[in-house]
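What follows is subunit A paired twice: with subunit B in the first complex and subunit C in the second.
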Partner chain A sequence: MAAKRKTPVKTRNPDLIRGVGKYSRSKMYHKRGLWAIKAKHGGVFPRHDPKPKAPVAPEKAPKFYPAEDVKKPLLNKRKPKPTKLRASITPGTVLILLAGRFMGKRVVFLKQLTSGLLLVTGPFKINGVPLRRLNQSYVIATSTKVDISGVNVEKFDDKYFAKEVEKKKKGEGEFFEAEKEDKKTLPDEKKEDQKAVDASLIKSIEGVVNLKAYLAARFSLKSGMKPHELVF
Partner chain B sequence: MLDSGTGWRTGGRPEVDRWRLYVRGTILGYKRSKSNQYPNTSLIQIEGVTTKEEVAWYAGKRMAYIYKDKVKKNSSHYRCIWGKVTRPHGNSGVIRAKFKSNLPPKSMGDRVRVFMYPSNI
Partner chain C sequence: NSSILIPSPPLSSISNTITHKQTPKMPFKRYVEIGRVALVNYGKDYGKLVVIVDVVDQNRALVDAPDMVRGQMNFKRLTLTDITIDIPRVPKKKTLIEAMEKADVKNKWESSSWGRKLIVQKRRASLNDFDRFKLMLAKIKRSGVIKQELAKLKKENAS
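And now, the complex of A and B:
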């Protein structure tokens, strides 16, 4: 056998469908450089004399034959993309939350995270909604926009919001102790982050008439309001 | 520019605790012909929706039938059956809905909540 390569070669002839390659025989001849090998050896393929074969042990008939030919599974090279953001949602848009703890609150959209979820903030001082992730489907985008240029959202990603894994203690004695002694207080880091993001936001919000009161108020359907006729 | 939600302009009005983010609907009964009914699909009349074209906004929206029971389940007397709007029924704004489990016959005439999610606005 020829010396093995350190890195495996990518297939030169990718499958269009299983069994059908992209390139024809003549193209592959060219791609593999067989013409160069031939030229190197004066128009003829190099022939190696067969090495003397080692004595082969007599093959036993296999005990088990699969009932049908075993098929190789197809390669899956699909990479999922982040959810497509609705055209009405742009950084700085005011969104109305439709479900969850803060339903009805109006909130400022910051950016879309790699998981596809939307990063959003109240701002906290105005309506009590902290930096939070939301799903697009549970949100209505209004036509109101807030100027978001002063806000730096680079550091926030899905890992920032990951739940901390609690180390499980195994022990009977400890079981009877107050299990949740430590109240889950928000680390100061996160509080600082919230303030930093909100500082410039609140300035631009106060610049617009009524916007602060608007964000502080909640949305609610009232008698006679038909959502299919409302313009948000 | 700013949407008309609760009266946020009038600062003096106290904020009410309840926030309705659903549209009210009435359960009319099951999908049926004169003498056969098919309980896997229910017919719902949504408040304020009177034509087939208006129903298009509600297609796919989730709905919940909420009812009470004497026995507490999950520490609550309230129970819920979730479902969704599937398609319009006829020309006058009635919709067909499918629920996770079929609605019980006692629900006919009862209130159902049609939420505004999954939203497409």
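And now, the complex of A and C:
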């Protein structure tokens, strides 16, 4: 095969309608400059002999044939698309958590991670929610926004939140001994990260009246509240 | 053009504008008449103020408003208000708008207790989650002040 161009050639023959080009075959011959190439090579179009192929080793017959025909699974070329973020969720939105340990807490949205999960923080000092990942299906987005410009969330990704792999030693003694593991404490680095993210957030939160108390309080449905009629 | 007034059964309160002032005391105060402003209480135009510009038959009226195409509506979809305006039968849109300005329908409505209630309802329905929180704090504060005063008065009364 001839060497491929780095950029595909833009067609010199625009479509009048689909299937009909503007220029005829003879015009196109002239446009492509095939006459010039021929002239350069003495009236003959240059021809490259095919490159000598590397000798292919002769295929050996397999040692073993299965008794029944083995079916090959169908090829699957599906690539999952990145999770679409709801239009109502933008960086700085206050979200209400609907499930889990922090059910009902109002929390500030930071960014969407590559896995599709939402990165969120309490801030920790205000309502006890640390830097955490959430699924957007378990969240109500309110229309309240917090100014998030002073926060740097570049370093946080899914790997940051991966569980630490414990090395297990194979031994019988393990099963009999009541294993007393140290309570897993958060590494100081993560605590520092939390403080760094929250510092500028808390400043912008304290700029708005009552917002701090709002984030500290939990959301709950009271008597007479109809969720389908509430504006969040 | 008959001026016969039929003592009407509870349903319809249709009467000729000329004669209704001469009638004996009637239990009805708001009548269907040309120029009566009504509130739509059902359907696509729910919540709108419209003016009755003509009566089609026993059940329907021709109804018009500055921001809608003139059309028929069943009386059951209308709730009559106290406001009337002075218009000829089926006026042009321009005349209608001028007459509404002259009678100051918008301000009369928004200052009436019914109109004010509707505005408050709309405002409450549009409150944000944060707004509802701020509202709760304000209510607590207000009741705190009231309770303080009440306690003071109680103390004065007891002593």
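Quick notes on this structure:
Here, the second predicted complex is superposed on the first by the 148 of 232 C-alpha atoms of A that agree within 3 Å, B and C clash if a C-alpha of one lies under 4 Å from a C-alpha of the other, contacts with A are read in each partner's own complex, and residues count from 1 in each chain.
Methods note: contacts are C-beta pairs under 8 Å (C-beta built on N, C-alpha and C of every residue); 3 or more make two chains touch, one makes a residue touch a chain.
All values reported here derive from a predicted model rather than from experimental measurement.
By the touch criterion defined above, A:Lys226 lies against subunit B but remains apart from subunit C after alignment on the C-alpha atoms of chain A. Of the two partner chains, subunit B is the only one that A:Ser88 touches; subunit C does not reach it.
In the superposition on chain A, A:Asn210 makes contact with both subunit B and subunit C.
Of the two partner chains, both subunit B and subunit C are touched by A:Ser143.
Look at A:Leu98: by the touch rule set out above, it reaches subunit B but stays clear of subunit C.
Put subunit B and subunit C next to each other and count what each touches on subunit A; the higher total goes to B. Using the contact criterion defined above for the overlaid structures, shared-chain residue A:Ile37 touches neither subunit B nor subunit C, since it reaches no partner. Common to the subunit B and subunit C interfaces on subunit A are residues 96, 106, 142-144, 210-211, 213-214, 217, 219, 229-232. Put simply, subunit C touches subunit A in their complex at residues 125-130, 133-134, 137.
Subunit A contributes residues 94, 96, 106, 142-144, 210-211, 213-214, 217, 219, 229-232 to its touches with subunit C in the complex. For subunit B in complex with subunit A, the residues that touch the partner chain are 1-6, 8-9, 11, 15-16, 18-23, 47-49, 54, 57-58, 115-121. Residue ranges of subunit A in contact with subunit B, taken from their complex: 86, 88, 96, 98-99, 103-104, 106, 136-144, 210-211, 213-214, 216-222, 224, 226-232.
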